[in-house]
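Chains: A, B, C and D, in written order; residue numbering restarts at 1 for each.
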Amino acid sequence: MSGPGVGWYLILSAVVFGTGALGVMLRRSPLIVLLSLELMLNAANLALIAFARQQGDLDGQVFALAVMAVAAAEVAIGLGLIVALARRDLPLDVDQASALKG
Amino acid sequence: MLTTALILLPVLGALVVAIVPLPRLATAGLALLVALLEVGLWIVAAARFDWDSGGLQLGTTREWVESVGISYSVGLYGFSLWLVGATVIVSAAAIGYAAWVGRERPRAYFALLLFLTGAVVATFAAQDLIVFYVAFEAMLIPLYVLVGVWGGARRQAATMTFVVYTMVGSLLMLASVVAFGVTQGTFSLLESGTSDNLWIFLGFAIAFAVKAPLFPFHGWLPLAYREAPVEVAAVLSAVVSKTAIYGFLRIGLPKFPEPVADLTPLVLVLAAAGLLYGSILAFRSPDLRGIVAYSSMAQMGLITLGVFAANDLGLDGSVLQAVNHALVSASMFLLVGMVEHRCGTGELDALGGMARGRPVLATVLLVAGMIALAVPGSTTFAGEFLIMTGVYGEGWGYAAVVALAIVLAAMYTLRLISAVLHVQPGRAVRRDALDLRPVEVGLVVPLLLCLLVLSAWPALVSQSSFPGDRASAFVEGSSR
Amino acid sequence: MGDVLVWLIWFLAAGGLLASGAAVVSVSNPFYSALALIANLASLAVLYLLLSAEFLAAAQVLVYAGSVMVMFLFVVAYLGGRADAPWAGGPPLLRTAALVAAIALLVEVVVVLGLAWGDNLSDPAEISAAFGSPGAIGELFLTDHLLAFEITSIVLLVAAVGGVILGTTPRRRGENEHRREA
Amino acid sequence: MNAAVTGAWVCLLAPLAGALAITLAGERISRRTAGWISTLTTFVAFAGALDAFIRLWARNHGDREVLSTAYTWLAAGDFEVGFQILVDPLSTVMMLVVSGVGGLIVWYSMGYMAGDDEERRYFAYMSLFVFSMLLLVEAGNFLLLLVGWGLVGLASYLLIGFWHERAEAVAAAKKAFVVNAFGDATFALALVLLVWETGTLEYPSVFERVDGLSSTIVTLVALGLLGGAVAKSAQIPLHTWLPDAMEGPTPVSALIHAATMVTAGVYLLVRTSPVFEAAVEIQHLAAILGAVTLVAAGLIALVQWDIKRVIAYSTMSQIGYMFLAAGIGAYGYAIFHLMTHAFFKALLFMSAGVVIHHLHGEQDIRRMGGLRAVLPRTHVAFGVGTLALVGIPPLAGFWSKDGIIASALATGGVLGWSLYLAALVGALLTGMYALRLYFAVWQGPPRETEDEAHTHASGQSEGPLSMLVPVGVLTCLSTIGGLLVVPGLWKPFEHWVEESAEALVHPTVAQDYATSVVAVALGLVGVWLARRAFEHGRQLVTDPTAWRILERKLYVDELYDAVFYRPAAALAVTLRQDVEGPVVERSLDEIGAGTLHAGGELSRAQSGLLRTYAITVAFAVSVLVVVFVAVR
């Protein structure tokens, strides 16, 4: 393989993952939280695919595909929730959706 | 394969009973039929069992989670087969009693009882720690529900204490199971070696001590035995408590030789204390169930003494006594239930004089009581004698405690018998309270017949419980 | 020469990835945020190609950027102006903690990678030409990972049903209320 | 199988079969049938015993010990105990006594119990008792002996409490059982020691190995066995249950509490004599306890008003003689006295039973008197029994009791002389209390009310044939039964028994005759004293303090109550109130409350804020990464 080694891809993946995590932890808009989550999932996918390349084993790619499917499912549910929130005229703010407070 | 069948039959029976919407009577009949089939299956198993070798038989082992060494592994040793035998017989009697009394929501009730039976059998057959743990826990679920839904007035409190105690024990045991399995690289009891880790052993020991219950861990016992439906109390004290003994015999002693050696004095002292404590409390208990419950606790102390004596006599004696106590305790609880059913109370003050005009009740209660107090010649006496002789090896004091307990047992059992049967009728005893009905006789007498057969030949159990009748060699692990 | 080209493409893709990622998180309008994520996905697809994952790259673009993000944009548009929420807010302690946690994770990963750098991270296995082709992946899915495949499909189905239920329930209740009022 | 053994097995199992048959048949058979089943099976047992005896007799001297094992009853590891019987001279004698006297008494019961509505139960219990007693005497090892030992206790419990609606009867039954359970427990402890020290419980093997044991062990074993014997035979200090046991039906008192079960302790001492000979202090202790009991019981008997209690104390006293004999090694005489005592004491009880039957359950001798005219035949029987008890030649008691006293004389030393004196005092006391009873019941003016006299004037007054025949047979046996041992002339009985247990002392003929003169003289003095007291209408014990102490049985009951029962009961109450309640049960509440509290505190962490959760997870993950790296 020419070009950068797997390690570089992994570092890239880590940085994107960290960015996504920051978004999840800092943003209050549920839409952006959801988008940040996608970012984290994609970072993980990148790592999976990088390892698959390095090991020469397709299992990693298969796994990444499964992750994509699950991410799609997650988006469907997440958007459904957001829409439901909006329908009930609730504020779109994760800090105010705290009915599960113990 | 036969072992798997013994486990699955009641579980599948429970499913069928729970799902098929039959009328009340048909449900009860179906459940009883399954229970009797289970007894029949046990007889087949006993007939196929090679008693001369006494080693692990009729088993199945299938890989389950290979990477961490979990397998579905079940099978029976001589002593497991005897314990399973006691279980299936007691369960059949309990289910029969429930059918006779007629519990509310019969489908759920009988399904739970059958499931309980299957779980207990699986516990006695488990040869893999994970299987053991799963079965041990599966046993608790129906018990929680049976006590919590069908129990007496204080059933909530009874269930809560029972849950708290058993869950603490279970969690400790889970930790120990995992720790043991991971350090050994396998969860199979057949393949794993021994461990000298005191803490892992303590996790198991406390779980078993709660289940038995041994002396300071018996806080759940008085309420649970008083509030549970009487046939559930019978199963609880008769066979569920014996899973602790199986645990000690199959896991505690063989797998943890050094911790056992370190802790034997402590366990023996606690067991002896429990024996006396239970006997003394039984002696002043104000109601029938209290007497039977505390005497049950005393007996568990006695059996534990035998186990931890860890010689041929003690171990054979404790298996024999475990089987005996299962049958005795179930008969006593069922009889208590029958008396309570007639009088509406188990208060000793309100009872009495029931012997007059009720010869069958009197005879049956007397026979059960005499076997319970270990009159010489009974199989319980044989068991106590073996345990007493065995535990003498650990110190003369223990043998003396057992001897003292014999006297106390005579005192509290006679108190129970007299309070029910003798002198003038008590205020709760109606003149027209019936003698035992044929159905009731049919429930209790088979248990007593088993006891009488064992009394005529206790060696039947004591000789065949361990491979080659070398109990101490078995627990020392050389035969694994 | 080929090496240099690959490095160049890699740098471009990586730069796009990081920049668009930062944009996703930092832009205050979800609409732009979603657009930035599309750019992010496109950069990723390029990286996948470099890693011989042709099928995944295509799927990434078609499924993710194509359909999932479109759904996103639809929702953002549907919610309209109300969707705006303040960027951060909350106690400053929270913000600090979030930063610390994210940086800690990053540092840890980098340290771990650094520890393992010398092992065999830089000498990837030899692969055949079919590596990452739809055929190879499809074969794996229908043989070794059949169960995972089926379960994924069930998850998707459940998610679809869930989405429908989440979207429809309140409207029905609203209708009933209207009827009752009328 | 050896023929002698066959008879013994038949002897053992016939009563068991009877008991089972009666229990299982329930109400399908009449009461009378139940009585006949019980009686006949007991006589079948007697026939079996006779057969065993004759066949054993036919064998050569020194070859009269047959051990027969049916199957392994209990086994664990190397330890095995068979269901086995030992047929030897000693056990055949006991078999004959038990099944013979037992058969007569069961037969007698059919008349005595007629009309009781639970006759079937009664006969089932009686058969069970006979089986248990036979098991006790035939047992071929210690454990089976203990089994029989416990089962006779059970049967005794059942029969004492037979009239279970009477609170006294139930209490007496419980007391008897618990005291005997204590004895069983010490007995069992002795067996535990034997198992550990000798590895076996078979008589011959144990007796072979007993000499090799340390003296401490042997002493403890002997002490344990003695505890069992003392409890079963109601010797001081475990004697309190026997007088109370008189609450049971009179035939039960005759069979269990006079003729057979209570003498089991003596049988035990003789059967296990090698153990006691190896622990000679304990053997002497048995003799001393016997001597104390025979005097104390004789004294207490002087102040009793209940006809059955007088006889019960006399039983204790006579068993004291047997203990004395066994304790000094006069085994032949101990067993001989056991047999003659079974004859004349059963006779006394059964004739007392006729009296009680006649008086509709009246047992107080103050309301009796002058029955001689009403019950002439019973009077003769009772008179023979009384004289045999006192030891007037040539009646049965004379030969056996004087043999014991002479053996004490032959033992010599301080111990021998003390025992000798005690035995002689006992002889005097026997004359006093026996004749006091006789005079109070039979002589003097009739004290019956008129209509009672009428009721019984119709010839049936002495009961049905089933009562009279056994009384008659026992009268004959009490008269001639002692002739089996005539000092200086022949002693076939003694020789027979000593094949099983070689005696340690053999009184010379001179000692025998000298003793006889003294003892008979003392007995006659006792008779004379009783006669004088009766004629003057006063009691033999005149001092009120002494009377009270004796009437309260030397306060032993009160002592046990204060030392054992009350502390145990108090301990139970204390444990229940102060340990079980507050510590065990309350701790649960505290655990529950603590859990709730902790839950409340912990639930604060559940803020409901998504972002805090996310941050927590992130921190947790970063910690986990460190852990994983560190672990590797």
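Going forward, a residue touches a chain if its C-beta (ideal position, glycine included) is under 8 Å from a C-beta of that chain, and two chains touch if they have at least 3 such contacts.
Everything quoted here is computed from the prediction, not taken from an experiment.
For the pairs A-C and C-D, the count of C-beta pairs in contact is higher at A-C. As a whole-number value, the distance joining the C-alpha centres of subunit A and subunit C reads 5 Å. We define each chain's centre as the mean of its Cα atoms; on that basis subunit C and subunit D are separated by 93 Å. Separating the centre of subunit A from that of subunit B, both taken as means of CA atoms, is a distance of 54 Å.
Distance between subunit B and subunit C, defined via averaged C-alpha coordinates, is recorded as 57 Å.
In subunit B, no residue touches two or more other chains. In subunit C, the residues that touch at least two other chains are 90, 94, 97-98, 101-102, 105, 109. Among the residues of subunit A, those touching two or more other chains are numbered 21, 25-26, 28, 95. Chain contact topology: the protein chains form a pattern that is neither a line, a ring, a star nor a complete graph. Every pair of chains meeting the contact definition is listed here: A-C, A-D, B-D, C-D. Those residues of subunit D lying in contact with subunit A across their complex are 602-611, 614-615, 618.
Against subunit A, in their complex, subunit C makes its touches with residues 2-3, 6-7, 9-10, 14, 17-18, 21-22, 24-25, 30, 33-34, 37, 40-41, 44, 47-48, 50-53, 55-56, 59-60, 63-64, 67-68, 71-72, 75-76, 78-79, 82-90, 94-95, 97-99, 101-103, 105-106, 109-110, 113, 117, 120-127, 131-132, 136-137, 140-141, 144-145, 148-149, 152-153, 155-156, 158-160, 162-163, 165-167, 169-171. Considering their complex, residues 1-12, 14-23, 25-32, 34-36, 38-39, 42, 45-46, 49-50, 52-59, 61-62, 64-66, 68-77, 79-84, 86-88, 91-93, 95 of subunit A touch subunit C.
Contacts from subunit A toward subunit D in the complex involve residues 21, 24-26, 28, 33, 94-95, 97-102. Of all residues in subunit D, those touching subunit C in their complex are 611-612, 614-615, 618-619, 621-622, 625-626, 629.
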